[in-house]
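What follows is a set of structures to go through.
Below, chain A partners chain B and then partners chain C, in two separate complexes.
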Partner chain A sequence: MQDARKIRVLIAKPGLDSHDRGAKVVARALRDAGMEVIYTGLRQTPEQIAETALQEDVDVIGLSILSGAHKTIFPRIMELLKKQGLTDVMVFAGGIIPEEDVSEMKKLGIKEIFGPGTTTEEIIQYVMHNLPKRD
Partner chain B sequence: MYDQKKMDELKKERVRWEQTTLPNWTKQCSERKREFRNTSNMPIKRLYTPEDVEEIDYVRDLGFPGEYPFLRGVHATMYRGRFWTMRQFSGFGTAEQTNKRFKYLLKEGETGLSIAFDYPTIMGYDSDHPMGKGEVGICGVAISSLKDMQALLDGIPLDKVTTSMTINGPAAMLLAMYVAVGDKQGVSREKLGGTTQNDNLKEYFAQKLCIYPPKSSVKLTTDIIEYCSRHLPKWNPISISGYHIREAGANALQELAFTIYDGISYVESTLQRGLRVDDFAHRLSFFFASHNDFFEEIAKFRAARRLWAKLMKERFHAKNPRSMWMRMHVQTSGCTLTAQQPLNNITRTTIQALAAVLGGTQSLHTNSFDEALALPSEEAVRVALRTQQIIAHESGATNTIDPVAGSYYIEALTNEMEQKAMEYIQRIDDLGGAIAAIEKGFFQKEIVDSSYKYQKEIDEKKRTIVGVNDYQIQKEKYPIKLLRVDPNVEKEQVASLQKLRKTRDNRKAEETLGKLQHSAEKDENLMPAIIEAIKAYATLGEICYVLRKVYGEYKELIII
Partner chain C sequence: MTKTEKIVKGVLNGDRRSIAKAITIIENKTPEAQELIAQIFPHTGKAHVVGLTGAGGAGKSTLIEKVVREYRRRGKTVGVIAVDPTSPFTGGAFLGDRIRMQELSTDEGVFIRSMATRNYAGGIARATKDAARVLDAAGKDIVIVETAGAGQSEVEIVKVAQTIVVMHAPGLGDEIQAIKAGIMEIADIFVVNKADRENANKTAIDIQAMLQLSNKKGGWKPPVLKTVALTGEGVPELIEELEEHRRFLEDNPECKENLLRDKAEADLLEAVKERISKALIDELKREGKFDKLLREIIEKKTDPASAAVKLVKKAIRNA
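Our next item is the complex of A and B:
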């Protein structure tokens, strides 16, 4: 049985860029859909993201990046999550991530990449249907 | 503007039309929506007539171009005399790579430079700082020291080309580098022309690339305004920016009101230095976005000009008409570009650019069609520049001054924009000014609410975005070739920086940094000390670190 607790989502914004419009819209949409959303603000280091995910016991992490540094930053985040034993957390990402980088990002364990033009409803549905099972 | 008898006649005729002709049509075909609104949530009427502009007194409210209240333009000849400056924001990779792009753009007919810096530079970090890993040269050009700036401007005559720099927290350092390159080229400081964005207030609620806490940042902004008024008479020390406010999600009205309020704040902070308003106000410049709603944008630009003129005259008692000029740069709106069917962005950009021209801008950047996907390719940036050239030379829109004036709709909307912006200004005054409003999260909340509303409208298809929520193509292929920044840039840049640290006179660099710290602790104008440090090849990161120690770092107030 899915426990009664709300789905806990960390919306994290790694990289130096400050385009948080999308991250905030997604955070608010997930919150309005009944999830518990933690948004930690701009320029989070991979270490901070992994630490918050652990401390907040989240089910899902949404990463948003528009600076083009995803190829450097995402592998580091995924590595740290693994180190923390957070392999059951579902990670998705959004922002400006070129088509040709998507498969490389997915190989890291990122479940889905949402590009520009994605509706908030698509993200909500995706999270609900791909939620990791908890013990 | 009209005599009473004619107005009464018009009213009677309008009522008659609404009761006879109109119902015959709406019976057959009802209107597309129950109500029409622009992005600022203002209801748009079915029809505008002289009734809507009845109160206008032409001489008082519109006047003549080049004269108060400057609604019709700041120059008396406008584009009949000279087109706006075509200035394409660009920068990527190393200084050498961007220098090449600059020369390409100048060759293609661009008339001014505009530098995009990478994120580490914008945040005041050197290219080898751990926070900048993976970001060096990616979203702009990496500039860590005077050496990079020399390479960036190599072969570009600073007495002939004006340069705009999108830089805020470290604006003083980049301006110091520009001055130093000018000195090396033998260009006198009186001749250096250009703009530093240097609008730190909007960083806290819009662009969000803040280094120091608000008060210290405004101090730095004011240092530049003060320094330029004394030493760089042709430099625009600040570009008070609504663009980022809009891109962060604000609507047109909020963009207008918050930008003007920031302008008020900088006038106040500079007056506190003992300068007189007419000593510096003529060099303040503005920067707005041009979004999709064509008439709303035109009205916004026109309202901005009149409102600023009135504020300068009435609130700050400026005497020199030039102090009342709102000179503006406009950029077409990046957030309206779609990744889907990217060629459609050329059309969007054209409409937005035309609105800026009809709004009377002095300078314009047109976005490239591929910018929802990557930094622009050479082809895409050429099409963007050509769009401006077509408007300038082929459209005829530039043959007369302020051609949309007198449109019942435009003038009514211009009035409404101005009035509603004044109401916001009053509210922010009541909150205790811009910094107090930032600390209370006022701007932040206003902007996130607007951005969420806008996205919801798209998601619920109340707002059609062609190619995104309607008229989509399944399984779209991108035939366009995107620009990828060479992945070796970071390595090269770090090596060059480390070489600089080994070869410069380190004692001298440290000495100038010590002087800067002392100057900051004594709360002096920091421009002279920063210029000295830059000339000693102290790096951007080292200089910003000194100020980080003195002022502390800003901690974001998170509002979703």
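Our next item is the complex of A and C:
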């Protein structure tokens, strides 16, 4: 009697961005692709994001950041996720992240960065094809 | 220890990761779900489960945030289940209740879980009841269930909660609206939110007038409270009424017994219905008779009810 597995995605806005139009576009697209999307709202601390990911038992986290603070905030987030034991969650990021920072972010464990101009279809396909195997 | 036993042990210890995993297992109805629920069930019954329902936009999530803060101030631990609708077309859902409660995420005494209805009717998800049980077994003093706000028929919450709060906001209808059947009948407490608005008083009066025309719920007279969720005004009074209702249930064992009985019956019935339906249909399919029966119904050679009676009779004979 098992129901089809639903993909649960957390869309998070770390840092002090003042708008979330992009994040909401991605959230809606993933919802329309059949996923359950939890959105945190603006101005989240790394602690709030990690704790939310834990309580909501998400499969995927999408981090949206526009302010340029990714080099400070992302390492902290990835560290906290590791501490919570959430190493089997797939993390991707988007927003304004310069090309030269991408490999550094990937080294932290962020699987892919989706810059401006990425289509929602691209993100949907990526998520569907890179779902983590979870316990 | 099996994986399930480990998770159950974690839940009973209040471990947040175990709680989260347990709820996922229940939601996805994996093979371990039944065993997990069976192991958790004896440890439930201590939490005060409060249901909050009402039209979308009335302010449920915002109010819950203030209510949780007030409970925390009083030293209680709280679990929150926030339900939002699943799209019948895409199967997806946008779970946005948590946004209003995010500051509570890092409070260790609070656990918040967002759930999609997954096309279950009545304002909650099929798994909501058992998810509330997980939070209960994990030791939360209060479990608040926020229904998907959609209208007048979200009465499934009565199967989950002991105290039902129905929330209104001014301008959503007149006295006639207040008399309509459905959620207005299930309330133990009425809350008129956005009480700083002009017609808040009239809304409260309309509800009170409606209450005077109806029977008391086993001796409990539902109060009509006014709140301003954004500022927290009226919240301490709401907590007092929640506590009052909990005491009422404790002091009126017959009332409480009836509640428990109704719940147990509803739970049993639902569990039986689900399994019997599946067993009967599966057998039909195995015997290759399912499509034939559907065809007979389409061609009006038989009707669904008569077909069902025959199936059930056969099942009972063979049992």
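Just so it is clear, the second predicted complex is superposed on the first by the 132 of 135 C-alpha atoms of A that agree within 3 Å, B and C clash if a C-alpha of one lies under 4 Å from a C-alpha of the other, contacts with A are read in each partner's own complex, and residues count from 1 in each chain.
Quick note on the criterion: a contact is a pair of C-beta atoms (placed from the backbone, for glycine too) under 8 Å apart; a residue touches a chain by one contact, two chains touch by 3 or more.
This is a predicted model, so every value here is computed, not measured.
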| item | value |
| --- | --- |
| Partners on chain A (chain B, chain C) - clash or fit | fit |
| Which superposed partner A:Gln48 touches (first chain B, second chain C, both, neither) | second |
| Contacts of A:Thr40 with chain B and chain C, given as first, second, both or neither | both |
| First (chain B), second (chain C), both or neither touched by A:Arg28 | both |
| Touching partner for A:Asp57 - first (chain B), second (chain C), both, neither | second |
| Vertex chain A, arms to chain B and chain C (CA centres, degrees, nearest 10) | 100 |
| Touched partner set for A:Arg5, first chain B, second chain C, both or neither | second |
| Minimum C-alpha separation between chain B and chain C after superposing on chain A, in Å | 6 |
| Common interface residues of chain A - those touching chain B in one complex and chain C in the other | 27-28, 31, 37, 39-41, 45 |
| For the chain C and chain A complex, residues of the former touching the latter | 3, 16-17, 19-21, 23-24, 27-31, 86-87, 90-96, 98-100, 102-103, 105-106, 111-114, 116, 118, 274-275, 278 |
| Touching residues on chain B, where the partner in the complex is chain A | 119-120, 122-123, 131-135, 138-139, 207-209, 247-249, 335, 338-340, 372-374, 448, 451-452, 455-456, 458-459, 465, 468-469, 478, 482, 485, 556, 558, 560 |
| Touching residues (chain side chain A, partner chain C) in the complex | 1-3, 5-6, 27-28, 30-41, 44-45, 47-48, 51-52, 54-57, 84-85, 135 |
| Of all residues in chain A, those that touch chain B in their complex | 15-18, 20-21, 24-25, 27-29, 31, 37, 39-43, 45, 67-73, 96, 98-99, 115-117, 119-121 |
